Amino acid sequence: MGMTIAEKIIALAAGVPEVKPGDIHTVNLDRMMTNDGTTHLTVDMYYNEIKNPHIADTKKMVFIVDHNVPSDSPKTAASQKKMRDFAKAHQIDFWEGQGVCHQIMMEHYVCPGELIFGADSHTCTYGALGAFGTGVGCTDLLYGMVTGTSWVLVPETVKFNLTGQLPEGVYPRDLMLTIIGEIGANGCNYQVMEFCGDGAEAMSINDRMVLCNLAVEAGAKSAVFAADEKALEYIKARGREPKAMFASDRDAVYAREYTFDLAKIQPVAARPDFVDDVVPAKEVCGVRIDEAFLGSCNNGRIDELRVGAALLKGRKVAGHVRFLVVPASQAVYLQALEEGLITTFMESGAIVMNPNCSVCWGSCQGVIGENEVLISTGTRNFKGRAGHPSSKVYLGSAATVTASAVKGEICTADMLCCN
Amino acid sequence: MGQTVIEKIIAHNIGAAQVKPGDIVTVNVDRVMIHDIFMPFVADKFAEMGFQKLWDPDKVVLIYDHLVPASQLDDTRHFRVGDAFAAKYGMTHVHRSDGICHQLMTEAGYVKPGDVVFGTDSHTTTYGCVGAFSSGIGYTEMASILGTGTMWIKVPETIKVVIDGVLPDGVMSKDIILRLIGDLGADGATYRALEFSGSAVAAMSVASRMTIANMAIEAGAKCALFTPDEKTAEYCEIILDDFQKSLYGDGDASYLNTMTYQAEDLVPVMACPSQVDKIRNVSELAGTVIDQVFIGSCTNGRLEDLQAAAKVLAGRKVAPFVKLIVTPASRKIYQEAVACGAIKTLVEAGAMVTHPGCGLCCGRTGGILSDGERVVATNNRNFLGRMGTSKVEIYLASPATAAASAAAGKITGI
Amino acid sequence: MEQFTGKVWVLGDDIDTDIIIPTEYLALKTIDDMKQYGFSPLRPELAAQIQEGDIIVAGKNFGCGSSREQAPEIIKALGIRCVIARSFARIFFRNSINNGLLLIEQPDLYDVMKEGEIIAVTVNQDIDYQGKKYPIASLPDNLVEIIQAGGLVRAMRRLNGLD
């Protein structure tokens, strides 16, 4: 019987000819990523709870400091120091202040066909390159680090057939928020979201990242695209080779199938306090905002920065709005610098910060206050996510967020251009 | 009898022929600076005092810099209070994310030579770089000025500081002021004005003078003063009038004492943990392993500082496991640094560049450290606990020394 | 002539404003919220130990550093009656006068003072410690005026016809 991409990746990692949903297999992990959210906990357990602490393969480990950087407290500094010292002692690849973890992983590590654990929920991003990435906690990460393996319950795959093209001014983020809005916050619970169809095939790696990254917000274990020419080009340009190039078999079995006509998608917003409370953006236009955020592992790449800069050229951020623009990595920052985008952001009155999780993480940079309203390109808008419990977060595309920053209230890009 | 610069400024301000040290006078304030961190307290005291309006809204400048970007839940309350105050009392000079207060006050043209200026921050002495009498005060005092436009002061004695000669390569104005603070001690200039002159001073850019004036408070000084010259005129975009041109110390003026330095004798130095006056030569400290470097602040976040750092780091990388944080002092400087390639060089070397603001210097966020960690920073204070726990060691240095140390992973000269 | 006694806490030279109140607490809403963190980098238990009427005796350059007025306000809120030091940093000095916190400059007491002991202060005259008298100078008239008015806020309120 045929297998889906996710099943093929798991089978390869388990060293078996085939797997099916519901099976439990022991897999060899190709890579593990952990960031400053929980690595200090993993390190503590390693030293305190393991009888013979050792690392199966240090070359498979990647440690990335991205959530609280630059550090905001002695407590943060101590946990980062623990992580840094461990990486130093065990010669583990260590990245600090170089970008958001998933961006670093995509730029430097992920290969098609790999099975990757990450101690961060948005690890599903790596499906953009035809890999199986999934988020785990610090204990699973520890087990994986020590043994090089883990158990996996093979998930079902849900097919998302994307046809046609997004209209002008409508972006992959609008598409993914629309999908999540339709299927709900647990619409793909424990399942893999597989994107295919002519619409999917035409997408750039960047666009695929936007989709896969938010899959966890629909409860998914992972998300994936078939590994194709675009994926190969992306990794070869960065000096990497694929582990395996998988596409789903014709007779693969899916739990459910959806079809989305991209031409029908319009700009949307997710309202506070739920990612799946998605409405046409026009319905929330006019809501006064205090802060806007362009960045994150979802929407902090050059494509989105270009959209933002294009809207800001010759315009200013509204006087009362704090507009934080945060490139997802140093590489993205340098490209933005080269293209004059950073200059445009600074001229318009935006606040440009170093590559890090920033406002999306809501812990220490661009924290919003009592009763304030944020519109963001981050991944979540849960109650209190970006600061004060009374504050409200709307999610929108880079275009919607930037237009709102200029207007001082929620506003779509086309409304801005017409004024 | 001749007058010192501070005596001339005060006498001119109050319309007297002369003043002498010890005189208690009431000055007419030309401009005030209030920043975000103390704004709510200023607003409260102003209301408590019962004032109904500002003496002159055009003379008041409100700058958000310590809390940009916000790092704690309650930070944005300061912006809301500030915005409401500005709106209520008709203030137009509000800078919400343009950079550090002391950078903006001269950069944006709010301070001119000969002005009398007060600010709710101890480093308000910075504007002496253009020959203004500027000093830091508390928020209660600021509230009283907002209502009355005046403040009592005691005319200070002046210490004359003469720096002659040519600075050696690798020695920056930061090294000069650290040396001076080391010689004076943290209270060596308390209640006094520091008046700078000499050929090395004349040769200095306004930016370099700013670094020196900025740190005068670390020796306890009331203010620092540089004589306005063509560089000042160009920087301030003005033509100096007769009064401004007269702001040099008279030959027969009375000084408390004179300190003389030969520029060629100066070497790169650092202030060691945890006092600003604990000065050692960089060469003595070389080899000390560090965890982080911070280049920025009102002391050393200007274009020439970023360029000095970029020059050292061109083609090199920050040492493994060491962090380099770069914070330009203003939006304008950030853009200039982008245009001349300094930002590119620093980022390629591995620096994290953050938005213009106080950043790590004020110790709320921006690179806070923990027990046993060591940082080299270009700001003006290394007090115990300033950048994290009381077991964090902070060394103050010039941007060139800081950049070299970042590449080496230890304290080193360029 | 005003007279009072109090138990003494001894602090060293160059006690700066970051020690008196670290920057991370400056965005707390009120002085009452902040005062528990007073002196924390140097002596984390001190704030809780200070009682109403206690006195601080310190070395040179007390209060150096920032213009944060919360420094003298917190010292006052903790109950300190007065600070006696070899010398004071100037911004701190002004801020204290404006808040009615009594500051006394005395060059020799610090050398002999032992923490926990009691001293007797006669304002503008002397300090009595273990039977020996340490003279103190008078404050200038204009400062006396502000203190007598009850601080600068009171003085301004009077100017505006309130109270």
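Going by the order they are written in, the chains are A, B and C; count residues from 1 in each one.
Here, contacts are C-beta pairs under 8 Å (C-beta built on N, C-alpha and C of every residue); 3 or more make two chains touch, one makes a residue touch a chain.
Since this is a predicted model, take the numbers as computed values, not measurements.
S.K.: Identify the chains in contact with subunit B as well as subunit C, in label order.
M.R.: Touching subunit B as well as subunit C, we find no chain at all.
S.K.: Need the central chain here, defined by C-alpha centroid distance to the all-chain C-alpha centroid.
M.R.: It is chain B that sits nearest the middle.
S.K.: How far is the middle of subunit B from the middle of subunit C, if each middle is the mean of its Cα atoms, in Å?
M.R.: 27
S.K.: With chain centres taken as the means of their Cα atoms, state the distance from subunit A to subunit C in Å.
M.R.: 54
S.K.: Between subunit A and subunit B, what is the separation of their C-alpha centroids in Å?
M.R.: Centres of subunit A and subunit B (C-alpha means) sit 41 Å apart.
S.K.: Mind pulling the residue numbers of subunit A that touch at least two other chains?
M.R.: Those would be 73.
S.K.: Quick check on subunit C: which residues sit in contact with 2+ other chains?
M.R.: 24
S.K.: Provide the list of subunit B residues touching at least two other chains, using ranges where the numbers run on.
M.R.: Residue numbers touching two or more other chains: 72, 74-75, 77, 364.
S.K.: Over in the complex, which subunit B residues touch subunit C? Could you list them?
M.R.: Residue list for subunit B touching subunit C: 24, 37-38, 41, 45, 48-51, 66-67, 72, 74-75, 77-78, 119-122, 124, 136-141, 143-144, 147-148, 152, 154, 186-187, 190-191, 217, 220, 222, 275, 362-364, 381, 383-386, 390.
S.K.: Tell me, which parts of subunit B touch subunit A in their complex?
M.R.: Within the complex, subunit B contacts subunit A at residues 68-77, 80, 83, 96-97, 291, 320-321, 323, 325, 331, 334-335, 338-339, 343-344, 347-348, 350, 352-355, 359-360, 364-373, 388-389, 392.
S.K.: What residues of subunit A sit close enough to touch subunit B in their complex?
M.R.: So the residues of subunit A in touch with subunit B come to 69-78, 81, 84, 87-88, 94, 96-98, 290, 319-320, 322, 324, 330, 333-334, 337-338, 342-343, 346-347, 349, 351-356, 364-370, 372, 387-388.
S.K.: Could you pull out which subunit C residues touch subunit B in their complex?
M.R.: 14, 16, 18-19, 22-24, 26-29, 40-42, 60-61, 64-70, 87, 89-91, 94-95, 98-99, 140, 142, 151-153, 155-157, 159-162
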